[in-house]
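You will see two complexes here that share chain A, one where it goes with chain B and one where it goes with chain C.
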Partner chain A sequence: MATVVTDVVSTSRAVVRGASAAKAGTSARWAWLWSLGQAIGPILLALLVSAALLLALGKNPLTFYRDIVSQGLFNKGGIQDTAIRMAPLLLMASGLIVAFRANIWNIGGDGQFLLAAALVAGAGPPLIGALPNALAFVILCVTAVVVGGGWTVVPAYLKARYGLNEIITSLMMTFVGVNFANLLIKGPFRSTTTQVPQTDVIPFKELLPRIPGTRIHVGLVLALIAVFAVHYVMTRTAFGLKLRVLGANPRAAAHAGLSIPRLTIVGFMLSGAFMGLAAAVEVLGVWGYVRADWNPNFGLPLFALVFLARLNALAVIPLVGFYAVISMGGHFAARQAALPDDFMLMIVGLILLFMTLTEYLAGRSERGGYLSAGLKKALGKGGGDE
Partner chain B sequence: MSDMLTAAFLSALISGGILAGMPLLFASLGETISERGGVLNIGLEGMMLMGGYTGFVVTLYSQSHWLGLLAGAGAGLITALLMVVFCVRLGLDQIVVGIAILIAAGGFTSVLQRAQFGTTYPRLDAMSAVEIPLFAKIPVIGPSLFAQPAIVYVGFALVAVLHWVLRSTNMGLNLRAAGEKPEALDAAGVSVTAVRSIAALSAGAFAGLGGAYMSIVGAGIFVPFMTHGAGFIGIVIAMLGRGRALWVVIGSLLFGMSVSLTTALQLVGITVPIDVVNMLPFVAVLVVLVIFARQAYLPAALGLPYKRGIR
Partner chain C sequence: MTNGTPTHIETMTSDLLQADGVRAGATAGPIGPAVEVREVSKAFPGVVANDRVSLAFHHGEVHCVLGENGAGKSTLMNILSGMYKPDSGAVMVEGREVTIDSPRRAIELGIGTVYQHPTLIPVFTVLENLMLGEGVGVRLDVEGGLRALDRFAKTLGLEVDPHAPASRLALGQQQQIEIIKALWSGSKVLILDEPTSMLTPQGIEELEKVISQLRDEGLAVIFITHKLHEALDLGDTVSILRGGRVVGSWGPDVVKTKSRSEMQALIVGAMFGEGAGSLEDVAEVRDGVTGRARRRGLPNEPVLELVKVSVEALRGEVGVHEVDLTLRRGEILGVAGVDGNGQRELAEVIAGQRSMVGGDIRLCGESIARAGVGRRQSLGLRYVTDDRIGEGTVGTLSVGLNLVLKRIGEEPFWRGGRIREEAIDQAACDLVEGFDIRTPGTETRCGTLSGGNLQKVVLARELSFDPKVVVYNKPTYGLDLKTTLAVRDRIRDLAESAGVAALLISTDLEEILDLSDRIAVLFRGRITGIVDNAPGVERHVGELMLGGDRGD
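Now for the complex of A and B:
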């Protein structure tokens, strides 16, 4: 348990650095501690409630959490797995930040991810055989970006044109996308050499190059660059400002002469593009193929992390690291305890729930919260600054 | 194609439509009440899973389908208490809380299922069908419509009751006011919080009942995440039904039929890949949404917490 706490503390420090930079104006000494508590509090509460459930099920929560940390963080192979897992998660989190900042609820990340993954895995083996690897990687990544972005067009258009709730439509597109990916894998992309339906396999040696001395592929570097790029674009460029204005106050955006439908569609597609890139990195860096009915369900847990990071791209890095530990170490811990991996899903759901609660307490003391002022307004929060 | 085949095909389509449509019906009725009252319940699917699991376990141990269905509704109601406390009382973000409930409930039921049953999936006895005299003898629609488990008739009776409550009672009027203009309701001396709490709780109970129907009557087993998006289809049906119970029935049965279409097709010798079967309802929803995009209607104050004195 103690190790978990230290991990959480170090995670949260980095969060605080990001968050306090964002509101240097308040500059109170206590704001620092407050932000720390706001990031740690929900995580600790969620771990506590989950521990209570473990006890009720007759499992030892201390063993469970120790297994998570020792496997996910302090095991030489485990920590590399954790780092590898961070690559797609960081890219998807970047996609979520772009969308959420513009008040676009792209809930369909998993469909965008899986469809792109299926196409990369289907086109990958023949392409990598025929072209120089670097060129093939670029083509495959571009394909994934186009597929991921393209899969958002329907919800984006429906939102931009008719104001239809994109939570519903992007989720419907996810279910269609996941099944469509399966159809592709069982149909045109199906390998003739295996019993189980899956795509042909890209040989291990032909996957994305590794960072020297490790098993970690360069996709992680790409993902980190993407996070910094998103942070830069969202905070320092006109385009980022436009998206944030759209998110903060659509009416103000319209008055400023911005085309809301166009911005909505561009923002939505950009978000989907990151989901696609995440898929390309995961397939080309880790698996080399995709099996039918494979769905890592990365999308949903990321919501909690992205909100916990207050839509700040830099603050997402430590939180994604924390989740990668939970996810990789949790897989091991859950197997030891004869529980499904979905246990981690529950922890994440609880974090999200408790986060809204700390948000409420923060709102009462008027110290601001994880939602941008505009998101709050859009959702009708009676915040202090209105 | 002979007449026999067509009759069998139609019969399978209708009864399959009811089998797959009832959970959607319960869920979307719940969402209708909730949305009318101004509470957007994104966590509907999570409540269905809670109801599905609880209903299944209670039925398994008590051997009573009715007790199981009741317990399912109860579990949905208890889950909805979270919505009441977090969203109605404290005025927190309904979307974030809804997603949290969705994620947590999915994980929770999956964990409980594994902890209790390991990797086995015990099967329940089928709920016996009740034939309605005379009507059940009608060809084609008789056996498919009037020889169903009693809960199906209860479901349709609930629709009638709800239709009446929403249209012709004070409660229905209050509910609509809470969703459209909560200030007016408050000014009239009715507690917005109370009305919305009741709306959110009813939604949970209905969703739980829908989930329980799915595991107890529909499948006879509980598998983690077995709702497979039904809760979200329910939300869409409620949106398109524009708060009217009868439209919700038609929508649910149509979507139910789109699910059962493939099973019915197999009867006439056309096999469809399982992925197409799974995909079809969602494609149907999207097509309907694209066509009727302008018609979807949501109450003015939907998703907005009500606080006195803040506009």
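Now for the complex of A and C:
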């Protein structure tokens, strides 16, 4: 009798599971296609509109795009430049994903990046001169992580304790950070050997080691490891799930007994730490110094990319790769076509515009958009439908 | 101010005065319905909310539209009040086909609506609220407004202070003002959406008087409800919606000639179809509701004690003031009260989601005043929130993860911080089965489930893993009847067989009377009295719900 009952229970459990698997299978397949379309659609549309603009300017769009691809992807030196550019972008994207998943709007990535860059460039030359390179690199990376993460403490605390909007506070901290970085470079870190205000230069052969047979520095490896680590943490660990719950529904997080202030501060600092690490990798791997008023503005285009990837760390890799091709090849193509570099920014702007349209359509058809419900509510658009 | 007011008033008054004439007309010969819907359909993604609905609403008649949640009542009402446009079908007013494309148009056509929740502006006076919708003039015609209000009040037999701020009125009075507001610009049709849900038994009686008065004045009253006995008490015509369709409609000729029990049998049959026999115990189906006797022989072992618990009132709330409650093992203590009298504050302070400004909470003798939400949870204190979508579940996560949402990082579902999907899946499947959660699978996103199934997810999570005390906040709010019954059975079973104490906070007095051993009444954040449940206790509870002998 007892075994019969157990049998029945386990059979029906199997049925529940079977149904679950089948249903999840079909819907997952469609969801996957939709996500892909959502990721690629805006890019294709942006490229089409840019082509029309190029035509209007009397340039041949096909030549322009061919220049981008041949330089950024198929030229031997070009593809290495592309890969090198991917390193800081991937690290910053990881930082954005951690924050956005938790509904933390870390807009201040550029400030965290530049301040860490200034400190690494200032402390780098003497440290590398005095210590074994490996040890110096570790110390500098840790410094960058601490500086990047530390620069988020103010907005993080204000959000956690008083609920102040971190979009505003982290943006304000960026202004302070960018100018403070300049102050350091023009003041204590200023090199005595150059006319232009900049830090001392780390000699080329003392920069981060290269991947054998290439010019690509090991920062790219570090960045890829970071992306996979973020993906693992966000999808497979309790900590990642807590951040996701906080991001998807902060009230449910409070209801479930999660410590929202602690999660907010930790998530925010983690995000800033990635920005700092990105700076260390870029300075130690590529430049060896930082000039005053240098600001690569990596942050803005990355916002578009991480949302195109729907905050999936793995999906960010091809998108960042694509963007690196565009930005490295685009530099070349723009010069060939006698256009300013800003044309590439315009393409990014168009991608953002078409993302907005896609998001609107996704909302209309009740499919998942780029934003989670929690993020949408935070932005105050369409939250009422939920 | 424009001269609009006096004209409006003349129209209205003359309507009210002409009412006799209208009724005389109705008896003398056939006259068209005030409003009629013909074959109206309206679909939303995934559901057909109204499926070829045809109904006629006549002057001088209270037409009850009865149905469970999700039957399409609100959709129909929203079509008539201009909030939705039907996909197909026609709406006729006084025999003419019309397009009601905005709430303003509905008012112009003489259709006034009183919504379930108050829409008065709290800082405005009664008169200001009433005159809000008028004209575009610079100055309010206070004189004219006062005269009009006076006439309405007289006709309806109400006492109204025109200069009292709306916020100072009791909910029942606010609703009376809402009714006057709906009639203000000369409406001949009045739609009332679940008007009793916020009222005390006394308030309901007054409302019923007002409604009969309006009917006698010749208005067509559309009374939307899910409570059967209200339809039996009030309806001249009763129509039943089920799954978006009209499954039964009986005019005065039937309603007036059949006995109450015959009518009830007809309605129950239409509402629930076959299998209705098993529903006869339901409060909604029973003829009127009264308390059940308190169970004897409960162990006198307190499991949850609140000692002078106070909570600060946040904006728009009343807070909680020096509440003393003792909950014994296996007991169901009902907390009755009109919505907004501190229910959520009380539930949240017990769950640990709000901080106390004074007092102490003890669980099994130990103070938990300093324990956080998670700690209280693991000690066996559970909270079934009234907001199952907003805070009870995370819509973008799977059903499985929602079922272990309060155990993130704990064994056996996580080990060393890493998720163990088999363990979660195993537990989730058991709970899905045990609580009859209708979901395609445990991987399904929780946000795609219906309200009833979401509530089952919440219950499954809160009532598993060794609960000792459960705080239920409106556990059946917005659920269909079958799920409501299942939930109530579960609350009762858990208390009676497993000795799990329940603090049942509900604004549904029937539910409290049906389940509780004792009933505490919450009014403006204070306990105005605690009574043993017994047949006939509802009157006393109703008085306590209005503040009782403390007065106010």
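Quick note on the criterion: the second predicted complex is superposed on the first by the 336 of 386 C-alpha atoms of A that agree within 3 Å, B and C clash if a C-alpha of one lies under 4 Å from a C-alpha of the other, contacts with A are read in each partner's own complex, and residues count from 1 in each chain.
FYI, contacts are C-beta pairs under 8 Å (C-beta built on N, C-alpha and C of every residue); 3 or more make two chains touch, one makes a residue touch a chain.
Computed from a predicted model, the values in this text were never measured in an experiment.
**Q** Hey, is it chain B or chain C that touches more of chain A?
**A** Higher number of touched chain A residues: B.
**Q** Between chain B and chain C, whom does A:179 touch in the aligned arrangement: first, second, both, or neither?
**A** In the superposition, A:179 contacts chain B only.
**Q** Given the touch rule stated above, what does A:244 touch, chain B (first), chain C (second), both, or neither?
**A** second
**Q** When the two structures are overlaid on chain A, which partner does A:306 contact: first (chain B), second (chain C), both, or neither?
**A** After superposing on A, A:306 lies clear of both chain B and chain C.
**Q** So in the superposed three-chain picture, is A:254 touching just chain B, just chain C, both, or none of them (first/second/both/neither)?
**A** second
**Q** For A:338 in the superposed arrangement: first (chain B), second (chain C), both or neither?
**A** first
**Q** Based on the superposed arrangement, let me know which partner A:167 touches: chain B (first), chain C (second), both, or neither?
**A** The first partner, chain B, only.
**Q** Identify the residues of chain A that lie in both the chain B contact region and the chain C contact region.
**A** Touching chain B and chain C on chain A: residues 386.
**Q** Any idea which chain B residues touch chain A in the complex?
**A** Residues of chain B touching chain A: 42, 82, 86, 90-97, 99-108, 110-111, 113-115, 118, 224, 228-229, 232, 235-236, 239, 273, 275-276, 278-279, 282-283, 285-286, 289-290, 293-294, 296, 298, 301, 303-305, 307, 310.
**Q** Which residues of chain C touch chain A in their complex?
**A** Counting only chain C, the residues touching chain A are 45, 351-353, 372-377, 383, 385, 387, 389-397, 401, 405-406, 408-409, 414, 417-419, 425, 429-430, 432-433, 440-444, 447.
**Q** So in the complex, which bits of chain A are touching chain B?
**A** Chain A residues touching chain B: 53, 57, 105, 107, 154, 158, 161-162, 164-165, 167-169, 171-173, 175-176, 179-180, 182-183, 186, 300-301, 303-304, 307, 338-340, 342-350, 352-353, 355-357, 359-360, 371, 379-382, 386.
**Q** In the complex, go through chain A and note every residue touching chain C.
**A** These residues of chain A touch chain C: 9, 12-13, 16-17, 19-24, 236-239, 241-242, 244-245, 248-249, 251-252, 254-259, 366, 372-373, 386.
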